[in-house]
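Presented below are the structures under discussion, each in the form of structure tokens.
Presented sequentially are two complexes of chain A, the first with chain B as partner and the second with chain C.
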Partner chain A sequence: MKRTLIKLNTTMMVVLVLFLLAIVANALASRQPWVLFCYKCKACNSSCILGIDPQGFVDAALAGDPHVYIYATNVKLQLSKAAAIDPDMIVTAAGKKVSARAALDELHISPATEVVTYQVQARHAAGFCFRCGACERACVLGLPLLREISQLRGKEPVDASVSHDQ
Partner chain B sequence: MQVCLMISKSALKVSLILLGLTVAAFIVQKSFREEFPGNYPKFARPVDANFEFFNRQVRIAVPDELNDFRVFVFAHDSRGHMQAIIKQVVDGTIEVREGDYADIDVRFDGSQVAGFEILKRMDNYTRETDMFNALKEARVNGRQAGIQRCLYPLCTRCIEGCRSVISGGDLPLEMHRGPDGAIQPVYSKGKCPRCGKCFVWCPVNVITNTKSLLGK
Partner chain C sequence: MTVLGSISLLLFLSALIAALRGWIPQRVLTLQSVLVLAALAVLMLRVLFGPPVPWAQVFTATSLHPITSTIAGFLFAGALQAAGGFQAAGSLVARVTNTPLGLPFAIVLLVNFPTVFAMPCGRILAAPLMPLALMLGFEVARLHRDKAMTAMVVFGFLVNAGASCAPSLIGGLGLLGEGMGRFPMGTFSKPNQMGILAITVATMALIRLHYGRSLNMRAEDPPAADSRPIPESAYLSFILFIAVLIVVVAIRPPIPIQTILVLMTVVVMFVARLSFRDLLSGIMLHPLSALVAGYIVAGALLTAGGFEVLQAVLVMIAEHTVLGYIGVSVLVVFLPLFLAMPCGRIISVSLIPGVLMFGGRVAEVSGFALAPAVLLSSFVLSSAASCGPSPLGGVGNIGEGRLRIRGFWSSRPQALGIFLGVPLAALLVPLRGVEPPAFDPVFALTMLAIGATVGVLTNILFGSRPWHVGGIAGGLLVGGLTVVL
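The block that comes next holds the complex of A and B.
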């Protein structure tokens, strides 16, 4: 019995170490190893005037995937532009939270209507971001969030008409 | 003795792994190093805006060069606070409709910013200030309203750049409320060390590079 438990314990430890190594490898592969230090204290959450959840950028870096959907609850743009950027982007239109595609096809909202985003892909959120650095200032660890944002913008820029590269 | 040797071997292995990770971390982040040209900065002029009031919306005409930019539409209230909403310029026009709530409330101490509050936290407004009404009241009562391109006090990157190279409070760059009510940078060229951080870091191109050592 004791031997079985030792084997089980060892196996679990190996699995755990492999999992942790995979996270480290992913963070290094996304060139943002500092994301490993983020302990999700949420201090940055309420600092963005565009309602972007900067923790989403951390998650995107940890996952190595710029297509992760993150909160961006205060970006105002025309529905047609939202649909052109990403039809699956969740927007608040007519008091409902629906995809940009559904707002056009099912709710029949005019394409020229201004909507407010709710959830967008991390790469698109990076495109909307002002890069004012408010999230970095709010971070208690001083993590360089703007690096991840710059990288996301550089890799796959959003539609030039809504990009905020001013 | 044997136990000590075992521990020191393990410690060495762990130290080597950590060292390897640290080196890898430095290598992958090397490309994020910024460069700052040693030139003087130049500053964008305040935005000329033409307000047209309708029953349930305000249409603001701005220069075409601001197309696709996001700017602050602001109005000062009876308390002397500035209420502002972020709006995108589409075809040289900004529309503020009834029911568009202010995103930020800025307090002043004289011409300088004393503090500010972001009014939308994630998906909820902590206070709902209708910007259409705020603009209308500002017009009726002769208070200041307009367009601000600079994101101060939300963004303070130029000031942070200045502070990173100049000790003490005598900075070449300060932010003041201008005669039009908008917050704008006030620059003192004589104090400027030409570090270049302000224009490299300015996210909205209010501060740009003169590309000149003389600042002309």
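The block that comes next holds the complex of A and C.
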């Protein structure tokens, strides 16, 4: 292999190592180092009555970004409220999965219509969360998910009167 | 379907095919470099198309668990190797082979070991047990004067290990499917275990009957066994390993498996008085770096909407061709084999919502209410097993490296084996049902029968009489253990 190619390939290996280090650094910076142990098996997912994917909170900590979009498939709220919380929130409206903004502006759905969320930012999902602890109990490792949820709620509490299907 | 997503998907597929077909020689750019450059190109395209790169999404595509599992597995393998644990295991296997049970018993047990003691990542067992598979493979090849038999044992074991994260109840890929599909935990576990037995025997049969002829294995036969007595610490290390595995699978402690492996490594180091340098002999960087590169390129594709495009194309095919939703569902199940990633979780997380949607449509069209469960279970197994044939640092690469086989030779028999074995798991899901798992005597007998059949087939494949007691006893033991554990 030529020297230039060795340099290029080595650089790519360094990129890989830096990428991993960035994830570890994010987890430590979020003060939730336990997220590094998560199997990402989603055993917690089926336990949430609000259809929130609690593994998304782990992803938010690993990415060091509370704006990561995660699944929350059973939170009901008015379209106007959804748009006020986050216009880019994905909701199920008129049988389609669209952003709250598109539902209002393009599909012309009434702002008072009740819609069901589909993908929301991790910080907003934490705001919707009832903190019942079902996700922690379902976790095969018993990871303290509520700790991360509380931290995300603390950053930006969401005032949303939401409901869910039983 | 966006232009950016379409271009990104095409770019990724072109880079992948170019690397795999040798159009971009490895001596110019390694596979890892090709993948990272493809990811960078996709991210640059994303910038050109307007919105800033959502780096968080790139990070979230990565799953640290398979990476750390592989490292922990390699470290423990290094410790066991240095402590003589594999010599001790070899001596135990030799004792078994001198009984009427013979080699078929040892082979059935070893190749199916990862599925019986299903770990959340197949690499956890693939790394430490690889020397044992090599030892057994070379022994059976020497007896039958057929080098392909080494590959049969090694790749049978590896495809089994790769797929074994599907039925694992301690954080395996099956839980991911059950979680996302909102099925009770463990619903797919037993059917998938049976499917993996079929995949394993099918892969070994394909190598024996067809692919073995094109095998170009440059690994030399191992040197004759060391005549020095094996120290007691070697037996202790190996027995400790097996005992801990049984405890972990039986009681599922809430401790990361990596922690357990590292603690075991420390214990073995202490018992056998090893140094840190001894551990490093087990480390292989290629599968690790390819795994990380695979995650990066998957993250880049995710941000560019590549997987959404893939899903949209599938829906289009279902709605506008004779394949319809049922035909495309079969395609979807085996999609992870066509896009074999180094870890099944990459494609699973991206495509399971689509799989569930297809399952729902198939249920509507056919009136078969369990269609989503059947489809999801098959997809999960296909996804989990796809890390075996993946040339991007899949678990099969470990075997190719150890046997010094070039050109990703093992990918085809493994992929075809998966193709043949997955339908068995699909057939068993309706029999098992989707209620919370409980002991079912009919299903238990079915598992024993499948185990015995696998034993008979292994007997035939390794040149023994079909009714040789070793293969059948091994198969029954494997079937019985999957029922109990």
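The definition used in the following text is that the second predicted complex is superposed on the first by the 138 of 166 C-alpha atoms of A that agree within 3 Å, B and C clash if a C-alpha of one lies under 4 Å from a C-alpha of the other, contacts with A are read in each partner's own complex, and residues count from 1 in each chain.
Basically, a residue touches a chain if its C-beta (ideal position, glycine included) is under 8 Å from a C-beta of that chain, and two chains touch if they have at least 3 such contacts.
The structure presented is a predicted model; accordingly, all values stated were derived computationally and were not measured.
Residue contacts after overlaying the shared chain place A:133 against chain B, while chain C stays out of touching range. When the two complexes are overlaid on their common chain A, residue A:6 makes contact with neither chain B nor chain C. Using the contact criterion defined above for the overlaid structures, shared-chain residue A:94 touches neither chain B nor chain C, since it reaches no partner. Once the two complexes are overlaid on the shared chain, A:46 sits against chain B and chain C alike. In the superposition on chain A, A:107 makes contact with neither chain B nor chain C. Of the two partner chains, chain B is the only one touched by A:77; chain C is not. The residues of chain A shared by its contacts with chain B and with chain C are 45-46, 53. Those residues of chain A whose C-beta lies close enough to touch chain B in the complex are 24, 28, 31-34, 45-47, 49-51, 53, 71, 73-74, 76-78, 92, 114, 118, 130-134, 137, 144, 147, 150-151, 161-164, 166. On the chain C side of its complex with chain A, the touching residues are 27-30, 32-33, 36-37, 55-57, 59-60, 62-65, 67-68, 120, 169-173, 175-176, 178-185, 252, 254-256, 258-259, 289, 292-293, 296, 345, 349. Contacts from chain A toward chain C in the complex involve residues 1, 5, 8-9, 12-13, 15-16, 19-20, 22-23, 26, 36-46, 53, 59-60, 62-65, 67-69, 138-142.
Chain B meets chain A in the complex at residues 21, 24-25, 28-29, 31-32, 68-70, 86-88, 90, 95, 97, 103-104, 118, 120-123, 151, 154-157, 160, 201, 203-205.
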